[in-house]
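Okay, so here's the structure we're looking at.
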Amino acid sequence: MTNRIWGFIKSVLLIELLIGLSVTLRNQFRPHTTVEYPRETPNLKPRFRGIPRLRKNPETGEDLCVGCLLCEKACPDDCIKVVPEKRPDGKGKQAAKFIINYERCCFCGLCVDPCPTKPLTAIYMSHDFELASESRTKFYYPMNNLYEGAQIKEYSR
Amino acid sequence: MTVNEPASTLDTDIMEVNMGPQHPSTHGVLRLKLKIDGETVVGCEPIIGYLHRGTEKLCESLSYPMVEPITDRLDYVCAMSENLGYMGAVEKLCGISVPERADFVRVIMVELNRIASHLLWLGTHALDIGAMTVFLYCFREREMILDLFEEFCGARLTYNAFRIGGLLEDLPPGWTGRCRQFLKVYPACQKEYEDLLTKNRIWLKRTKGIGVISGEEAVEIGLTGPSLRGSGVGYDVRKAHPYSVYKRFEFDVPTGENGDTYDRYLVRMEEMRQSLRIIEQALDTLPEGPIRAKVPNWLKPLKGEVYHSVESPRGEQGFYIVSDGTDKPYRMRFRGPSFANLQALPQLCVGHLVADVVALIGTLDIVLGDVDR
Amino acid sequence: MDTELLLKVAVSAGKVMTVLLVLSGSVAYLVLLERKVIAFMQSRLGPRRVGPSGLLQPIADGLKLFLKEDLVPAKADKWVFTLAPVVVIIPAFAAFAVVPFSGESFDVFGLTITPWITDINIGVLYILGISSLGVFGIIMAGWASNSKYPLLGSLRSAAQLISYEVPLGLSIIGVLMIAGTASMVGIVEAQRETGWWFFVPQFVGLFIFFVSGMAETNRAPFDLPEAETELVAGFHTEYSGMKFSFFFLAEYANMILVGCVATTLFMGGWMRPFPSVEALAWLNFLDFVHPFWSGFFWFAAKLFLVIFAFLWIRATFPRYRYDQLMHLGWKVLLPLSIVNVLVTAVVMLLMNSGSSA
Amino acid sequence: MNEETKGGAPPAGGEGEKPAPRPAPRARTGGLSEEELTKEVPSRVVERLKSSFPDAIEEVTYFAGNPIVVVKTDRLIEVMSFLKNDADLYMRQLADLCGADYPDRPQRFELIYQPNSIRHGHRITLKIRIAEGEEAPSLTGVWKSANWFEREAYDMLGIRFKGHPNLTRILLSDDWVGHPLRKEYPTEGRPEDHMLLRDPGFRPPDIMTGDLPFKP
């Protein structure tokens, strides 16, 4: 009985509504969580998977890619095309053409798994993610551009 | 649907209203043909398929590892569960046993993802009913989980986090500490949502007694997951058919009593707490060791077929794989929990008001990527 | 022609223009305030891009709405469709004619300019009457759009406005009984005389007025007519451009109106807190400019409080369902307001008989 | 990631790879051997089915610990009702229903059912086989949940169900031609064609021939 009376009093005094109001009021004075994206760059974690890019050996500057076509085979979207050729020094192969179709890429990272140039893989998931472009042709890259990071950012203002 | 003619001398008509496919509260591209009499729903026909991408067909031309990114995109809200289910199915098909540490990490990820998914559900469900602040609080906490995921696998939504036979990479250094930090912070956040909703009289009015379905009927129509457990049937794939290492953790399967929207809400809220419990246990007993069994990259399973299901946040996520002995699945079938759950919507809707339809879509927690596949 | 009359007309027209302009501006900035307040409550930042921390956002919004293409659906009734926003916005602004924004008058060139457009002895009734005209516009909008969601929205809205008009009116009666006048200025003066602002004896009245006011202005948790998640945008689903902005302005103007009425009737209008306590006279610190400004300051501060409560509630609560809203209106608020009137009457009777005896 | 490719079955994790006498495509899994995978496991459901419907069962196989029972098409509803209502089995839920296409078999389609007992935790895979043009019995009378699953099977494979209340396409649009999950249905179309329709000036760069708008 006392419980029911107490419950009635509570419901007349709108206790639970006031508790709710206090939650929103408290949050008004907490720090905000917004990341003002183009002004602030988001804090990307080391393993972030952006668009796949190619990488040169940082010490010698040689191409790391050995033209083994494993990434091409592993890609579920068929977005990689590699044309291998003999290296000028005759030892092994390198990629004559390496084309990634960013229109199709799904950022899954499966191309990186089988890359045989361990520990530094020739193809890697870069931190670039700003892909928007006005033209479809921009999504096909000359191989040189695959080496450079943060290229695609095109918007202004 | 039979339509009862209202006993009135006025000439009244049943109005057909199209809800969706572009509508603020259909959680994607769901279209509902509602027949309404005034504001009372007398008939409801879901029309789906706007997001059909033919994944089952697509999988027939992909090798086994390549399917994983596709499973990410089925139920994109809980891609970890999808990943785990698919990995489990393939590992069952091949008879691969996964190293313990990998299994533990997988369980941690999946349970974190369950919390994230329930948070998204809570946010959108509350938003549908009109409480818009909960939505943003939920997303604030969900961001923390997504940050953890980003750190682990590099993606925030389509994780592609596991590999057949284990994991691609081990947990990054310091990850467990940050995860524990989250576990410490989170309960207070959940209390905030409960303060805003659980006892709020408007929330109670909007959810209690709405969309009641009995346990028997719920089983019959194929409901699984929290939607089923809200009706008092304690069926959880994690308990009934334990997969991965769920046998080793202690957790309860919360059930409701009345089978209404409010009970389903309570069940999901409790499930988040249980997930926290599982994660805590897994972090405490996380073994050292290898993270990946020796599995060839070019997998060729034996001829055979398996059905493997996991408890995704939405229900029983089944994977049926037919292998013909080549490196590509002969037939891949995704049993989406949302697809089966959505089937119950017409039954739930009839007799309620238009405003309740959005609450009911929310309470079934459908993800259209999962419905349409 | 009588020059005095001409002068009077000119002064009135000037006041009307001032109120219109200030009101339009404050409506625009009320939208910004709402977005900012709710954003902070949701641990966001709100609009930040236009001007310093988003201060020019209303201007950008207004410009956008002004320049936007004005669509009329092919099967809509064009005349009624165009007329509806006008019918909604005119009463919303007209109701401000009797709101006293401050207590002190200006003296300019020997003319006394009162800080209200007019003070009629049925001010409260005038506001009630005028503000309930807006519902016609809403019904017209829903019907003329020839679309299902607007129709449902307008029906809901009509039912809601009519039901809540009754408790709204009854909740004010207590105040009128104590004050003994229906003039807005008179009510404020009555509050000075009694020494109590009327929210003390009439807290139930204030509560009912506040809730019904929220329902009248279609604010959350009673925003059913435009319940975004159910009816997309309710009666103005098919509207765009300027016509839409008329609805928008009217909604926010109505919100300010409810705030103004609550301030005037229950919270002592332009008076500073504890107007009879001389020690607090420094609270009218704007007196050094002109007493008008300190009155206006306190009026605005109280208005802000009411409106902040509106926003706060919107950020917190879920939305009622249509039938529950009707239930609340007819079965809870209406009896409560009648009881409030009765109790007020009985108490007044007792006190009067006590004082006369 | 691990050892790959260079011929030969890799040494297996755990159980060890089985050596030779196996038909054509060599399985490379690194997991259990064929014997272990196809090992018979005791199953209460199969026992009960065998004792109750000895003539309705065509074939029982096992894979990865799960019994797969092939039932005669005309006895399906009988068997399913038994599974659902028998107190000992009580499989009240039909978890999944899907079809598979085997064009080279005389009975081209397989319908695969996954009934599920929530009370006892039983699970079994049940199958029927039907030829093209043949109608499968609809289970909508037994389980309500079969409704959409059967519509999906009809949509994807063109299997017609006898007695289904509303056998229309569910995922694809009503005017769709063909049934995508049949093996003869092409997986890939030509999305470029649509691009051409939209923008006649656009020439899709062909990635395979290196016909690109720049020199790679």
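Going in written order, the chains are labelled A, B, C and D, and every chain counts its residues from 1.
Here, contacts are C-beta pairs under 8 Å (C-beta built on N, C-alpha and C of every residue); 3 or more make two chains touch, one makes a residue touch a chain.
Since we're looking at a predicted model, the values are computed, not measured.
Set against one another, B-C and B-D show the most C-beta pairs in contact at B-D.
Ranked by distance of CA centroids from chain B, the top chain is C. Each chain gets a centre from the mean of its Cα atoms; for chain B and chain C, those two points are 45 Å apart. Chain A and chain D, compared by their mean Cα positions, are separated by 34 Å. Chain B and chain D, compared by their mean Cα positions, are separated by 22 Å.
We define each chain's centre as the mean of its Cα atoms; on that basis chain A and chain C are separated by 50 Å.
Each of the following residues of chain D touches two or more other chains: 1, 4. Within chain A, contacts with two or more other chains are made by residues 17, 20, 23-24, 27, 33, 113-114. Annotation for chain C: residues 41-44, 315-317 touch two or more other chains.
Those residues of chain B that touch chain A in the complex are listed here as 62, 65-70, 72, 133, 137, 140, 143, 147, 150-155, 158, 160, 163, 168-169, 172, 192, 195-197, 199-201, 297. Every residue of chain A that touches chain B in the complex is listed here, in rising order: 11, 16-17, 19-20, 22-24, 27, 33, 44-49, 74-76, 106-110, 113-114, 125.
Within the complex, the chain D residues that touch chain B are 1-5, 10-15, 23-34, 36-38, 63-64, 66, 68, 92-96, 98, 100-101, 112, 114, 118, 121, 123, 125, 143-145, 147-149, 152, 156, 169-173, 180-181, 185, 187-188. Those residues of chain A lying in contact with chain C across their complex are 17, 20-21, 23-25, 27-28, 30-34, 36. Contact residues on chain B toward chain D in their complex (touch as defined above): 48-49, 52, 54, 56-58, 60-61, 91-97, 163, 165, 168, 216, 219-222, 224, 233, 235, 240-241, 292-302, 304-307, 309, 316, 318, 320, 322, 325-326, 330-331, 333, 335, 339-340, 342-343, 372-373.
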